[in-house]
Amino acid sequence: MSAQNLWRSLWRVRRVTEALAPDADATAGPEELIGSLQLRHVDAGSCNGCELEIASAFGPVYDAERFGARLVASPRHADGLLVTGPVTRNMAVPLVKTLEATPHPRIVIAVGDCACDCGVFRGGYGVVGSVGDVVPVDASIPGCPPDPTAIIDALRGITRR
Amino acid sequence: MTAASLVVSGAVLGLTAGVGGATLPRRSRVAVGAVLVWGACALEAVAAIHVLVSGHRVVLHSAELLPFTGVNLVLTPLGAFFVLLVAMVAVPATLHGIGYAHHGLDSRMAAFAVPIFVTVLLLVPAAGSVATFMVLWELMALTSLSLVLVDHGRREATRSAGTWYAVITHIGAAAILTAFLILAAHSGGQSFAALRLHARHLAPVVRALVFVLALVGFGSKAGVVPFHVWLPKAHPEAPSPVSALMSGAMVALGVYGIILVGDVILGGGSLWWWLVVLALGAVSALFGSLHAASSTDMKRLLAYSTTDNVGLALIGLGASGLFDATRHPQLAALGLVAALVLLLNHAAFKGALFLSAGSVQSATGTRDLDQLGGLLRRMPQTGALFLGAAAAICALPPLNGFIGEWLLFQSLLHGADIGNTAGEIAIPLAVAAMALTAGLTVVAFVKAAGIGFLGRPRSEGADAAVEVPGTMRLAVGLLVGVCVVLGVVPTLVLPAVERAVRAVLPRVAPLSLAHGVDLQLVGLRGVLEPAALAAAMAGALFGLGALRRALARRPAPRVAEAWGCGRQLQTARMQYTATSFAEPVQRVFDDVLRPVQDLDVSHVAESRYFIEAVTFHNAVDDGIERGLYRPVIGAVRRWGQVARQLQPGSVHRYLAYGLGALVIVLTALTVIR
Amino acid sequence: MNAGSHTVVAVIASCSQVVAVAVGGLVLIGLMRKVRAHLEGRVGAPILQPMFDVRKLFRKERLRPDQATWIFPLAPVVLVATVAVAAAITPLVTTGPALSTGSDFFALVYLLLVGSTLLALAGMDAGTAFGGMGSSRAVTIGALAEPALLVTILALSATAHSSNLPAIVRATLADPGSVATPQRLFALGALLVVIVAESGRLPVDNPATHLELTMVHEAMILEYAGPDLAFVTVGEAMRLTLLLGVFVNLVAPWGIATTTNVAAVAVGLVTLVAKVAVVGLALAVFEVFTAKLRLFRLPELLAGAFVLALLGVVSGLVVK
Amino acid sequence: MSASTYASVLGLTAAVVLLCAVVTLWRRTLRAIIRVLAVQGLALACVAMVVGLRRHDTGLIVVAVLVLAAKAIVVPMLITRVVRHDPASRETQPLVNVPASLVAAGALTILAFAVTRSVTALVPTPAGRLIPLGLAAMLVGFFALVTRRKAVSQIVGILLVDNGVALVAFLATAGVPLIVELGASLDVLLAVVVLQVLAARLRSLLGSFDLDRLTELHD
């Protein structure tokens, strides 16, 4: 697609981001993280449904970035982990290591039913348990998969925007 | 005590050191020899400083010392500069040698050869006549060769390196001798003064021939492409203090020879000579830095980077000659100053690098970067000093390498519009070559420092390494200290350098580069304030360090496992190696380097989807050696085979040859009569 | 005015330059992200977001990898320190900042090289796979950019017969026509490419990538956390801003303070901010339309920059 | 138009002609290359126009208009017609890789500068001094002609050479006689048409513009 077409389409669709209601409930996060929250996403064994929703939460329509949240490449750069899926046996150690690599103050957000309580995978032979069984969880986002607005509400609760 | 007697007593002291080294018991011989050598260096250095300060040359003639010709020593300001350069390297090198002795330096042979080598290095720049010069030059070649061969008993590589060095250095000596003989034939005496007097009246062709011969001869000693092939062989095999002496001092004397013949004796010359020098310099710089960036043996890397630094010096020298030939004396002087400063800097940091490479080798037992790693934690001081020297050679301010490159760049910059087409074309290309060289040098030495001293150890040897004895660290520390001083207050030495330059180019008005602690090009617009720059950097560094401590809520860092994407185990094999670090450069310059690579993957018997082992082999050999020298060697060997037909080993055949020869001679005589 | 007050104003100007580069750098990054967001149809983070991030990073914990040495904590400080010194002595706001007699273009380049070299070493300090990868790529790109950069300096110094930056700027002010010469334009084009390469922007490096294997600069700093990361972030932002500042003052130096009085310095500050903002916006818009080049297509780009610089020198000789 | 502005405008336009020649070595997609060619034609027309206005030479001004029509509009359109059949056509594998070609272009420019030093001494006008740029553009075009595989890039190479020659002509003398320039342009136009036909035939025979595959035609 050549540059002219790109310009034209950019010009046609001005802004697709939907306005959201001012955030009501401010769930308490560490006060350092007000206004700026970098997250490292860890897929502990998800079906990738939650990944899609996270992607769209940070996509143009929901645009979580406007509330000061951003996905980063390294837990060293992150303030918290965005964990999806039930924790499988292969991912238990990496999940712990990833949390260890994250500098304090840090939070863990469990995204989706599987992350909260293993969902349909409860008792599966390859499953260690929910995220809470492996690492301490600060915030949980239920739903299978959770709606992007739900994810964004949780993030806004921490960034207080 | 006059300067002349200083020179003599220095020489005597050096020779005594050699004798002492040969006679004393094994325990003490190296140390005593070193101490005596320091005395010699000190005496010669004092004489040199006297010459540079007073500007009067020291002349010394003794008819009986050498049969037929006599010894003829003349210490000019230019020579004095090189004497100081040699002394600066020799003292730390011999000091380092005390700790390094058990690597072969304490053999009777080596203990004799090292002091003689140093003494000869100190005397070569003071040689005042062809005979004296050639004798000293050959002594230098022989002693250094014997030192390269110290380890010949154990390693085949050493023997081949010795052969290469011997052959190339003697071809070079032959060229030099021919050049001098041509000059001497046309002039009355054989002293350089006489040569210089009569060289003016030679036919241009003869002058050109002399210059080219000298360029070949001295270039082969200076490791200029295409005569560089012996460096990456001989420097790694020689004991490290010797490598430091050869790379820091002896190679610089090669450039001294080019200046001696080209500028002093022939007094400049036509434009194309210096364009050739410039081109050779640019090619050497690029070729050397490219191979340094892609080689994985630490001392081989250093050897190639020697070629690269000599190339930079030759760019300065060539530019100087270019400007001199186009009647820009001021620029010519600046170019020559740049060349000399580059050589001085190179002696300092390359000496330090070779010595610390020796420390690493004696601590870990290997020079292969792919076997090293994590040494900064195990050898903190040696590691820090190596990093400092590496920063200096990368021309990072406020260290000395930067000053040299700045001077070179300024001389090229102001010569960019000299109104001569060839020059105007050559200069941008020279700048480009210099720039790419600088960049590749950074690649090479970030690789050497990062792979060798940082990260995790890649072998048991590296893991078990411990810090080397204090003398070795002190030796390296001295040279790194010189790097810092020359970088922060270069104005300490610049007047001396200018004195040397003005002795070479008499019609130059004083440059007076040194303005207090600043560098200022008189008549040209270029100023550098190294001291102020260094002060500002230091201030900013400490200020910001304090700022970080003040701002950080939790100042004490938590030690955590390195982030390996949550991998279960994290081993040294997961790091980049020197080979993989150099891969991008190697790939970009594929056509030049022509790396030989083979990759074979072996699968397990059950299924091709499971790989048992992957072996990758990558070798970059010297293209010029492959393309230029190997064919010649092959041809020589074939002729040798032919000649062997004459040697069946039967006595009667040999007697028959004798008879046949006699008969032929007699018949020839009768025919002629 | 006496010499004392001259130096006072010069020091004030230098400080203002450092502050402008440090603060303005973060704002510039925020601005460029905002522009990108708008062109992508998003609202995007507030323009001051990078500042919030840095503030938060300073309140966070410092981490040191188990294998790391003193290089690791040193590198970020050196990075910021060298860029700060460079910002102090370069003619950004005024042609006569402190130490401006020695503010040489060549020295500026090598001053910035100190920071990037230390960062490359720090990348290998932790002994991980990605650190070495990033360092290797970074130094390779730097090496390939070097010829273009120095030949560019050669072309730019032709009018002033000096590589002293204030001299070049003054010469441009004295002879505005010299900006419109092919020599200058070629050189500036090359300089822009080199700036993009040196500061790790698209198409050379994608500063927002999450995939380690495509990283150049990010891979080097993968280990940094908290205040150290804050220093790296600030240092990189400052480097970009400084280079853009030099660029705009070579393209259009008008507005820069030539006399040493505070009012002129203030005017210079305002114009500098405006000029850099414009160039930054243009760069951001350009980045929306470009994808990251493959690592081994970069030689084409940098060879192009080199040839551009060479054309600059030659056309300078021709038109002279 | 003052002397200085005349000189600088002339210098810039001539430089653009050379720059376009270099850029054609850099870009891969044929459409982009053709666009660059059009820009070069435009710059060339500007040179002719500027010189013509300066010298009040109506003939040259007419030539400028013709050049604009032929080299900036008609010829690019014709070549685009050739390319249209496979829009994604790229110069994927030139005989000399792109970085090397670019460096070679730099070397050729320097060569042009060196050899024309004596000529420019003879023609000390602001226009005359720019002759090296024209020669350089021609050499770079020749280089493209030698090292590029696709038939279309060959056409482009020829056009680059022609533009270089034209630039030299405009700069060296008081413009070439109208009729000569016309002849040259028509000549090139003819070449383009012929090559277009050739390219069409090639495509129908071999399914690509790749000239190396002509070797398959013999015997």
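Here the chain labels run A, B, C and D in written order, and each chain numbers its own residues starting at 1.
Rule of thumb we're sticking to: a contact is a pair of C-beta atoms (placed from the backbone, for glycine too) under 8 Å apart; a residue touches a chain by one contact, two chains touch by 3 or more.
What you see is a predicted model; the values in this text were computed from it and never measured.
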**Prompt:** Relative to the centroid of every protein C-alpha atom displayed, which chain's own C-alpha centroid is closest?
**Reply:** C
**Rounded Å distance between chain B and chain D, as computed from the means of their C-alpha atoms** = 49
**Asked** Roughly how far is chain A from chain B, going centre to centre by Cα mean, in whole Å?
**Response** 58
**Prompt:** Quick one: chain B and chain C, Cα centre-to-centre, how many Å?
**Reply:** 36
**Request:** Give me the residues of chain C that touch two or more other chains.
**Result:** 59-63, 212, 222-223, 226, 299, 306, 310, 314, 317
**Request:** Name the residues of chain A that each touch 2 or more other chains.
**Result:** 74, 76, 101, 103-104
**Message:** Residues touching two or more other chains, restricted to chain B: which are they?
**Reply:** 554, 558, 560-561, 563, 565
**Asked** What are all the chain pairs that meet the touch criterion?
**Response** A-B, A-C, B-C, B-D, C-D
**Complete:** In their shared complex, chain D is touched by residues of chain C numbered 177, 180-182, 185-186, 299-300, 303-304, 306-308, 310-311, 314-315, 317-319
**Complete:** Note: in the complex, chain C contacts chain A through residues 37-46, 49, 52-53, 55-56, 59-63, 209-212, 215, 218, 222-226, 229, 288-289
**Prompt:** Mind pulling up the chain B residues that touch chain C in the complex?
**Reply:** 293, 373-374, 376-377, 383, 387, 391, 394-397, 402, 405-406, 409-410, 412-414, 416-417, 424, 427-428, 431-436, 438-440, 442-443, 446-447, 449-451, 454-456, 518, 524-529, 532-533, 536-537, 540-541, 543-545, 548, 551-565, 570, 572, 574-576, 580-585, 587-588
**Prompt:** Inside the complex, what are the residues of chain B that reach chain A?
**Reply:** 554, 558, 560-561, 563, 565-568
**Item:** Residue ranges of chain D in contact with chain C within the complex
**Value:** 4, 7-8, 11-12, 14-15, 18-19, 22, 26, 98-99, 102-103, 105-106, 109-110, 113, 120, 129-130, 132-133, 136
